[in-house]
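By written order: A, B and C. Residues from 1 in each chain.
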Amino acid sequence: MKEIKTNIENNIQRRKFIKNILFSATALLFPKFIGAASVGKIKDWVLFGDYNAKDHLWGMGIDINKCIGCGRCVNACKVENNVPKVPYFFRTWVERYRIIKGKETVVDSPNGAIDGFKPQPESDGNVIRSFFVPKLCNQCDNPPCVQVCPVGATFRTDDGVVLVDKEYCIGCRYCIQGCPYGARYLDPDTQTAEKCTFCYHRIVQGLSPACVEACPTQARIFGEVKKKTSPLMRFMRKHAIGVLKPSLNTEPKVFYANMDMEVR
Amino acid sequence: MEEIVIHLSSMLKEVTGYIYPNEIELHWGLLIVIYPYITGLVAGAFILASLVKIFNVKELQPTYRISMLTALAFLFVAPLPLLAHLGHPEKSYEIFLTPNSSSAMAMFGFVYAWYLMAVLLLEIWFDYRKDLIIWASKEKGIRKWIYKIISLFSKDVSESALNFDKKSIKAVTLIGIPSAFLLHGYVGFIFGSIKANPWWSSVLMPIVFLFSAIVSGIALVLLIYMVITPLRKKEIDMKCLDKLASYLFYVMIVDFSLEILDFIHRSYEAEESIKIIAELVSGKLFVSLIVIQLLIGMIIPLGSIAAVKFFKLPAELRKSIYFVSAILVQVGIFTTRWNVVVGGQLFSKSFRGLTAYKMTFFGLEGLLTSVALLLLPILILYFLFKILPPWDEARSS
Amino acid sequence: MKLFGKNIPEQVTRLTIILIFLIVAFIFLRSLLVPPDFGKYGHYRASAVDEIILQDIKYAGSVICYDCHDDVVDSKSEGYHNKVSCEVCHGPAVLHIDDPEEFVLEAPRERGYCPLCHEYIPSRPTGFPQIVSASHNPMRPCISCHNPHDPKPPEPPRECKACHAEISRTKSLSHHVNVKCTFCHETPGDHKIQPRDFLPTKPSKREFCGLCHAENSNVPDEIPRVDIATHGEQYMCWQCHYPHLPEAN
């Protein structure tokens, strides 16, 4: 029975992929076909047949106790979203915290942790707590970046994802200054602002973001903030949840379980 | 992409502590320091001019037209550093078409256009209208046509028309003062409203910006007056100069008090960011903040002008002191802008690390471009002085 | 010019003409340049969402591999790597699904890849299988002993420190170095096979520590003694003394 269910599920997935690939191929061969006016109609036919943004509110849960700092998520994100592989632009990264008795907490993130971490030669006796914290755009419900964009190039969709319109962005960098989490960067090739999109192009088709796919320990949980049957809902029920910089009231939608007070 | 990679890789070595990976690129550099400096000069010069028209400070009359033309020359240049900085200046018109009403920066297009047209150009037009008509009738050739066009083919020099001009100037100046506050205050708000950055986020930011703008504007007009008058082989009106220095002194006291207040408030509340900010101010920002902005740019000029007031020094000595003080003030106010814009990006939002700003020489973000942008208004001012001479001798009787 | 019988100054007429011209020009330019779908869903260009959705997908997701590789997926589903997605090791697979012969997926066979997750780093959560790769069979590829799809070790670990290296290191610096882990933690045999389902015990009474540290216990004199009944008031011993490094103050 399980096999049949999985088969049907797989067939639907496969149809969607073929549609997507056909569509992408068509887009390559007939660019005019995808004019601004006509995309709306094709969108309805291929992708939005059953996706209504108003039915969803996406969020992510991160369990700090499960993260092993392997950096597979950082790598998957850069591959999936064509982010330049240099150590200056990240849509997601992992930080390592070492809380040392009697001294300042030490935080590091070598190349965003895309190749993981190296053990540090520190006397283990003095490190009283140590853990990894994955970071990404918090897809805030009260986003300070959207508030400050002068032209309306960045916006929050009905399903709670903050996106950037790179055709419209003028590259003033105000949104990058406005983000308290350092989640945004300026794409060196397009000279427009970029950031994590929760892999919007994947989630509207029922896939999960690349970082969630890649995480080997399920430290990242993706799901719906409002629906009762989402894995995120169980996550929020089971753990005490913390968010980053709550005093700024950005209403972030990335929820950390087992968050330490030293995490900024 | 290559040059940015090379530039950023050299920055990695300058980082101390921990910064968020994306923070390695410092986004608002020299060009964004220049913009508030220029609009500050515009607002300050205009406020000075308004002292003559609204508050009837007669001693400053010789500087009235100079102030207005200075403000105009700098206002023409003001959008240029912004355009040079944008990733896509060719799309900058979007700010006019679809401004986001919650964004302070979106105000720029409209505030700029309003201030340029409804305040500066309008007031200059009303003030010069009579002279333009008379100059047009006396000149020949292309100058004749320039004056005709600028006067909008006006011809009426009757008593009632001139009265109308006078009343209009008063009205425009009255609107102009809050407009000048808005033109520069909104820049302060752009920084002051960013809750993500504790160095910027402050209620005082627009006020401090405004008062330091007035300081720099008055100092600029003082400098221009002191330079242009001997160049024209005329005597400097000491009453005017003393008055200018006086106003400079009083506004500097207010500006200084506001900056001290900000400092006291910050160190008293000692919020979470205090540690990294203290590290910043005592380290990377020490020279530009304590030495240049406070000592050289504020305390020394204040002390010098106070000495002049107290000791009643001879005219030649007064002139030298005013001149040097005005230059120090300009350096100080420019450094104030630097400390706000660049200083706020030198520490990480993780409050755990510091980075550096590497200035280049060539390129749009380089030193050369910025120097050119600061000299351009002087060039424009030269042409404005030629077409619309502000001297009393040039006025038609 | 006259309006309502009063003379309008010529300044006003001239300025008004200019103002009207500017307003008209602005409205005209606006109608030309603003994208037609701007503002449809909010203060943004509606087709931006479409453009973002059209981005290429690179990772196919773990479910679809089953269609062709059901045997591998089945064998993986019972082992320790059952939650590790295929693409974590084999890379993005969308192109492979489209044309499996043209786009063959890579499979990391060098030693460098497995330590990305399994190298010993003290910050990693305790109990997560970690090895010090420099001393763990350095000359052999990992896959020669561990099948990546079902990576149980060829033999169960002999010592606790194989997985709990950080605790072992800490304990080796302390006076408890000669106390075997199993003295305090009763460990079922299956803990080495299915660690999370068969957990070791932890002492729950002060008297346990008293086996060595009580006044009257039968152990060498160097071991510090306290009055178990009263020392430390109402707290358990390990609330103040970290058992793996009791000297730590």
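Keep in mind that, in the parts below, a contact is a pair of C-beta atoms (placed from the backbone, for glycine too) under 8 Å apart; a residue touches a chain by one contact, two chains touch by 3 or more.
What you see is a predicted model, and the numbers here were worked out from it, not measured in a lab.
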Geometric centre: closest chain by C-alpha means: A
Pair of chains joined by more contacts [C-beta pairs], A-B or B-C: A-B
Cα-centroid distance, chain A relative to chain C, in whole angstrom: 14
Chain centre separation (chain B, chain C; CA means) in Å: 50
Whole-Å gap separating chain A and chain B, where each centre is the average of the chain's CA atoms: 42
Residue list for chain B, restricted to those that touch at least two other chains: 98, 100
For chain C, residues contacting two or more additional chains: 38, 43
Sequence positions of chain A contacting 2 or more other chains: 152-153, 168
Of chain B, residues touching chain A in the complex: 1, 4-5, 8, 12, 18-25, 27-28, 85-89, 91-92, 94-95, 98-100, 102-106, 108, 190, 193-197, 345, 348-352
Chain A to chain C touching residues, read off their complex: 6, 9-10, 13-14, 17, 20-21, 23-24, 27, 34, 36-37, 39-40, 43, 47, 65-72, 76, 79-81, 96-98, 115-120, 124-125, 127, 130-132, 152-158, 163, 165, 167-168, 197, 200-202, 204-205, 207-208, 210, 213-214, 216-218
Of all residues in chain C, those that touch chain A in their complex: 35-38, 41-64, 66-67, 81, 83-85, 87-88, 91-92, 94, 97-98, 116-117, 119-125, 128, 166, 169-170, 173, 245, 248
Interfacial residue positions of chain C with respect to chain B in the complex: 9-11, 14-15, 18, 22, 26, 29-30, 33-34, 38-39, 43
Of all residues in chain B, those that touch chain C in their complex: 93, 96-98, 100-101, 117, 122, 126, 129, 152-156, 160-161, 164-165, 168
